[in-house]
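Each chain carries a letter (A, B, C and D) given by its place in the written order, and its residues are counted from 1.
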């Protein structure tokens, strides 16, 4: 990917070190209150255990920073190179993904110790002068670890949702939020030529580059994401029983997996409940709907007569707004009704829920894969996935940008993913 | 979809009738030499039996033309409505796709008789004056049947390729073709604004519309498709053993299904053979490679340092050329080395092999699904598939256009699909 | 297996030849009225196509009789050795069983011609003097082919049962049968020492030997098989919804495959119908229930408070009776209510339906596998299967004996298999 | 099942209480050294987590003893009734078996506390006078818990064997064992009538009853189980590559799962290693082979020209010997070469490894299922499984008897299961 090339090496190195260790501490802090078992089990193949997230993000620094840049560096444990490689074929063989949950050893305590020892080595490394390439890799390691912070939370929620005891990860804090969402409305955007993608001096992933021009027709975006209340109406109107609303592959999933509501919803005595990181709670009507697949997002849009926005439409609209919203730093870890003091016409663009777009995840014109193993970071996933934008209540604050592209397969449901409607202007 | 609205109803109706019955006859003619058994078996879930193609294309006219437009029309067999519906949920329940090959009855003779009786009814209908909507549906039925003519051939080839006796569908005719392909070369194309999609008065599928403007950067296309000879070099260089060349999902397929060459290739005593509709033949070095997946096309392009073209780049380049090439009408039914008398700089754009593009199959801006059951024709498949362009040696002559969009899933291999390389101009 | 050693070689050879060609003709005769497609399709992995049965039984003679005993014998087609080997590992590689239905070629006509040519060669061979070992193999070939005659019918019924058009294999002949079954009753049998298995001079399969003594406690057998009427009562009483009646693996099947009635039964407007070789017919209340698994037989017995007999109890009771009953020669091909003129206390012991026993299929004490490839005939299947006794309406007359052991897996349902109840005498 | 009926209620109740709490303490003691994660993960569907074993054996007492016999008993946690029911359909719905490993909560500490609270309640109950039925259920609960003690160890070994770090459950104690096994030899046994099954006053499982007479032909048994050294010879001779040695279903497994050695064996640099509860160790040549399936046992016997004994042959031979051998109480937890001081002609009959017999697990003549939910204990598993005899190095001392019948499916490999050869005397 294209990384920051700094000519203020020393001072930036200090700032980088602060951000690095702040990030490392945050990751470990997410495990407070988890048992060794909570941190070990893999509840489905798409998810990874907490311990694996902790170790893999550490392996990343060992593999790409310490081993190349610390002369004579000795790995904490030679077997970790095999166990905690995720998908970097260039690095060598790796432990199969579906078996990650069988590693009851090392223990959570041992993994935390592994993190500490690697942090010590990074501290040592960062006290010396480093070439820009090394700094770039540390920056990438921070961004990478932030992504795993979010996955750690969504994977844990999936695990706890399988448990009939409905474990609580942490008690919900009261949110500064309204009970209800504002009335739905449309915001107009003009057509024209727009530059898309990142071209600035700071970090951005390779898939956000190169910046290039696209042509957009005039369009409208909804003033806020679709809410749980609207989703309840969709269910009540037979949304999950009407094949004509669905993409063909989506309808296949609805039938094969008996989808009837968002992933963690269950109805008891006429009331909808949903599993959250604070345990099972009543569904909040005014909060953005979450834990839905692309297929569901598309079917809902079809039901309303609208459509999903393209990622370009989203980016052009979103970049006029400050990157502010409910991120993981609020500690609420669930989408919330819009804050009353938010007066921007386009609300909840950032945070709360990732927004599915109509755009297949693909390379921007002129995209080049980075040299070396880190070149496997994004490019090899550019197939059969869809772009989501904006970040969620589980995304670390400061991680996303207007140009940031997240991506998942259209059937995947366990993320904090919702939707915002779009329309053509006619 | 958007169809032809004619004000010369009578004469066009006569021309339409000619094309209709010519098409109907061609379909049945493809079954010459097939046994009842050949026409019955379904060799994989993606494929359908010949009898099913024959009956389903007939059901299409019964369902969408005869039933609505012939007063008091009585279906040939009430059960065929259930058996030969493909995927139109709005029409009602249907026989499950994976079970199509269990229908040993009706026999091939009975299905041909079903065709004849529906043709008779269509003949009667077309002798009267028809509203434009009916003519549009007949036109759609012809186009639909042409698509099934191609699938009939590719599905049959798949079936015969499973048989160790290597049955011959028909003897190959000598082709007017060279032994070797021309030297590879690049053709330059400028960037700029281009109108994409169909906007003319004739038939085009809904997914080819609406016509809209896109912005392209300058690019290059290869002067011809990738050849078997080049593919042999890719294999020899370890192409199927090098994960770094592959999309992540593609590499998963390579390993799970032990891909080592295009679908119908087998190596014996150092020579590559391939199954064709003329039985097993030596691989022709100068012919375009075929029966490859998107994953393989993409890995090959990565191996060369080039890339696949977008469907827009392809369309802009292709529309400068006449729609001529080796289609099904040549009766050779396999990709051939380029004809010596073809002197266009860009060769074999049409016919021979469909060319995988880098474009995910998605709706053009402003796309609207047609009302009624025919609205299920294309829109509901716009997910997780990739666009192919140009037609193949199994496509009926006259069926494709520069704007024509075919689509398959990236792992599917049984079509006459190959690739043409593209590059950025730097 | 242990075969007949004859010292009257010439005359017995003549009798053997008669029986051989009678059997061969009967097999081919079963295909009258079938299309090439009917004879080609494989409707599930457990079943084989008619053409495969025709060819495999022919291959058996080519492989085990003609090739060894005809000097310089040339096989009709070298590839048939691969295509029509069933499971004889000692013979070499073979076409995978699940792919048998993809062989649309050779055609049915070609297979019948293959049969004719092998019959001609057998005719030639039998006109000369043959060693006893060759005669034994021909005898085995006849018995083997008779087994496939039955499978051909049950496999065909399975195929036709998948077709919503409900094809008719042949019109039912009126049976010499009553509408209702006799009242249920118990027949007492004493305990004691009994010799089990075959020890005579004629043919018997290896698994019926050696004859050996078993000790039985006094027991009772039902005077007739369980009827459809009784099965309807079992269903009505919640038999398929009561886990406590079922073996653990059986209850797993009931739930996974949604069993609610015997395999080919369907209820419409309160009436039970069943698919038969004469098409779909109302269930005959007085006929023995059929197309049930061991799991269902066991659950039914549990529901009545009785049990299944052991194969020894069955054999001791059955050998007092003539081997007479409704076999395939009646041409009715479905279990029938008991004939009124049958006055034996134990009715329908032979023919109509195979009767599941409580005995796992295992080797008799002292059992030895035969030398050579035919040693693979029975022994290697002695695991996880259950013994059925008595023959069915699809078994060739003359094929079964009191000592005859058929066997299927406990979940398999597509045979003419029913049950007879047993009890301890207390 | 048929249980002990005591007329010395009071004193026996005291003895029972001692045995009960001794057993309960032993179970918990097995978890020493395990982490919460070790105790939580389910490494395959056949295995259960340690925590589940701890809780399920406790649920058994709550469900069958405390709830019926303690007036007003309040369950420790109402949800445990659902979570820790194994397969008792009569009790109600239960947590699906494949999901047992997703229950990271309750924690190991909470489960141990659950055990303590139930033990307290049992202590209270046992201080009063109890009806014989209650005492019988407590006895059954002890026997049941002992079975789970063994499964806890074999399931844990399976889990640790999936971990490339090869965790050590506990350090091996030096065994009082030789390096080599004695020479193989045969012991003769006469034929005749023998009483089989349990008829005494003490506890035995329902499936060991009723005692009944069987007739045996003269036979021979090997003087010791097959050793690892002999198994290495079997491998070297192509045992896993020779289909003619295998049952048909067995050969299918060999190919599908790539069996090449016992379950936990791996070859490195020409040496065989195996995973044990003491981590990875070199294979001990003189120790009984273990972790093999019935299929492998049968193929090995076929390779030697011998056979497996029936369970009756085994029982008759074994009951002449004291029930002594290497059980779990030795704390070695792996099969060992025969002790030098063991001079019985038939060695290692008890302990070390369960011995596969040729007998399908089925009901003895006159077998009756017990009334109520405990009737689901054994009878419903009498299908498609094979009997093993003698106990293993993981079986609690005192648990097995000469009449004891263990059973597993023929493909299952994760138990301490080996074999002893048998022969007919001719």
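The working rule: contacts are C-beta pairs under 8 Å (C-beta built on N, C-alpha and C of every residue); 3 or more make two chains touch, one makes a residue touch a chain.
A quick note: this is a predicted structure, and the numbers were derived from the prediction, not measured.
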Chain of greatest Cα-centre distance to chain C: A
Between chain A and chain B, centroid-to-centroid distance (C-alpha), Å: 38
Chain A and chain C, separation of their C-alpha mean positions in angstrom: 60
Mean-CA-position distance for chain C and chain B (Å): 47
For chain C, residues contacting two or more additional chains: none
Each pair of chains that touches, named by its two labels: A-B, A-D, B-C, C-D
Chain C contact footprint on chain D (complex, rising order): 87, 89-90, 193, 212-215, 217, 243-244, 246-251, 294-295, 298, 358-360, 362-363, 365-366, 375-376, 380-384, 410, 424
Touching residues (chain side chain C, partner chain B) in the complex: 35-41, 43, 79, 82-83, 95, 99, 101-108, 159-160, 162-165, 167
